[in-house]
């Protein structure tokens, strides 16, 4: 098996495929249905692979641009700040590496059970169940789903 | 005040602005933040108005196309079918009119408290709390949020 | 109509029956079913009225006892503390009065639409949607439902 | 290690401790906090063990009594019926055995990670995520949490 492409040798808190991560409550069969709902096809998958190859050395830049959007909006910026509004360099670096790696995983990983589980893990890390725990930080306790959905307009 | 543009004189179960609809749990101020998260600007609003004017006499066609996608996928098609898999013409017609009207409301209505409340109302009507009740039908009990989100790829 | 019994002339943030409160997503008919699920009868209602009459001048003492349990547990105590772990006297007083009033409302109010709506309002005030907003305080952002349910063992 | 006490040699769909079950999103440490919120002590645990020993040969009778309450209420009865309101003997038998076993597990199992995971698994089996799938039946698609909570008045 090929080694997955990663943005760094060691990415703190990046537990893809490990036993520590959550288990998705939806099955692979339900995931197939979800792809159909989005009319996601093998062709889309093909182009994601192509995009992944191209983006592989631009992940830092991309995340940088997205974070500019986040930094410009107080209600988003606080999601990664300390309670007093100060920046948290360590948290930013760790989550930033994972954010970069998310680009590669989204484009290049096989969409299998491990992938599905990690989507659940990442989701939980945006909620009060697991937010801040991976990096042992004090920051905003949750990122409301509505903002995650809305931010897709920026990512897209 | 101008009368809102509607796709029919009477749209069954269309309770926009009435006291029957749910009350959004989020405030207008939080809604403003949500727009910012999506980098939604006055320019976007302007173009939505323009789109609304153009789409106003194509709503039936648009909904028809979307419903072709839905009909082609068993797990989506059942959302509007009877439990035995038969079509329900009355339900389709009523919800179809509201689906058409949703296009106009999305493009043309002021994004105020009434608008916000009706988003909540429509959301509840896709969940086990209110699905099927507006039209007093027997059909799939819920449409999982993940499919609603995924279907945006078709609507977009 | 009789005036409802209250623990104080003015209870800050106590919006029972006002247009500001949430609207329950469940109907009165569904509420009836809920009573049946709990085998809640008119006899139970009768004894709640009796209890309410007795408890009416003990609400402060009761809330005081419950708060001792809360104070003794760090993960519960922080629900009403400032982020740095300090007490917030103003918040405690305001929410304390509402906590007392909750006893009376639970025992003595008619279980009608206003009652149902206020259950929803109180629920939202324990979640990230409305926690801390009523009193404009900085404190724990949510009280997880599992702890609310567990705490019933203390209230009971 | 002692073999856990079970109500039958083979209990269909009873996956306690297996890799098939969900993984609880809360940690053992958070579970400890939950016990504290309910003021659940080692003494309570002791008496649960005692109760488990006593109830071990009464599980069928107990479940029978609870099911009488369920059967008497249409909105609860339908949770285990076919869509047309007919009984489903096979489903009732399978879920009945698991219901009995739940009594033993609640009283007698160690409250460890496996226990915690199985609480999550059972919870999911009451929601639209997993309801009906274990037994491959057609029945009510979900049991709303409010009714699960309310029914505790019967179980208690």
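General observations
We call the chains A, B, C and D, going by the order they appear; numbering starts again at 1 in every chain.
Heads up, the rule we're going with is that a residue touches a chain if its C-beta (ideal position, glycine included) is under 8 Å from a C-beta of that chain, and two chains touch if they have at least 3 such contacts.
What you are looking at is a predicted structure, and each value in this text was computed from that prediction instead of being measured.
The pair with more inter-chain C-beta contacts, choosing from A-B and B-D, is A-B. Same-residue interface: subunit C and subunit D share over half of the residue numbers found at their contact. Taking only C-alpha atoms, you rotate subunit B by 180 degrees to land it on subunit C; that is to the nearest 5.
Between subunit B and subunit D, the centres computed from C-alpha atoms are 38 Å apart. One finds 29 Å separating the Cα centroids of subunit A and subunit B. Residue positions of subunit B with contacts to 2 or more other chains are 26. Note for the complex: subunit C touches subunit B at residues 22-23, 25-26, 124, 129-130. Touching subunit A in their complex are the following residues of subunit C: 83, 128, 138, 140-142, 144. Within the complex formed with subunit D, the residues of subunit C that make contact are 26, 33-40, 69, 73, 75-76, 146-147, 149-154.
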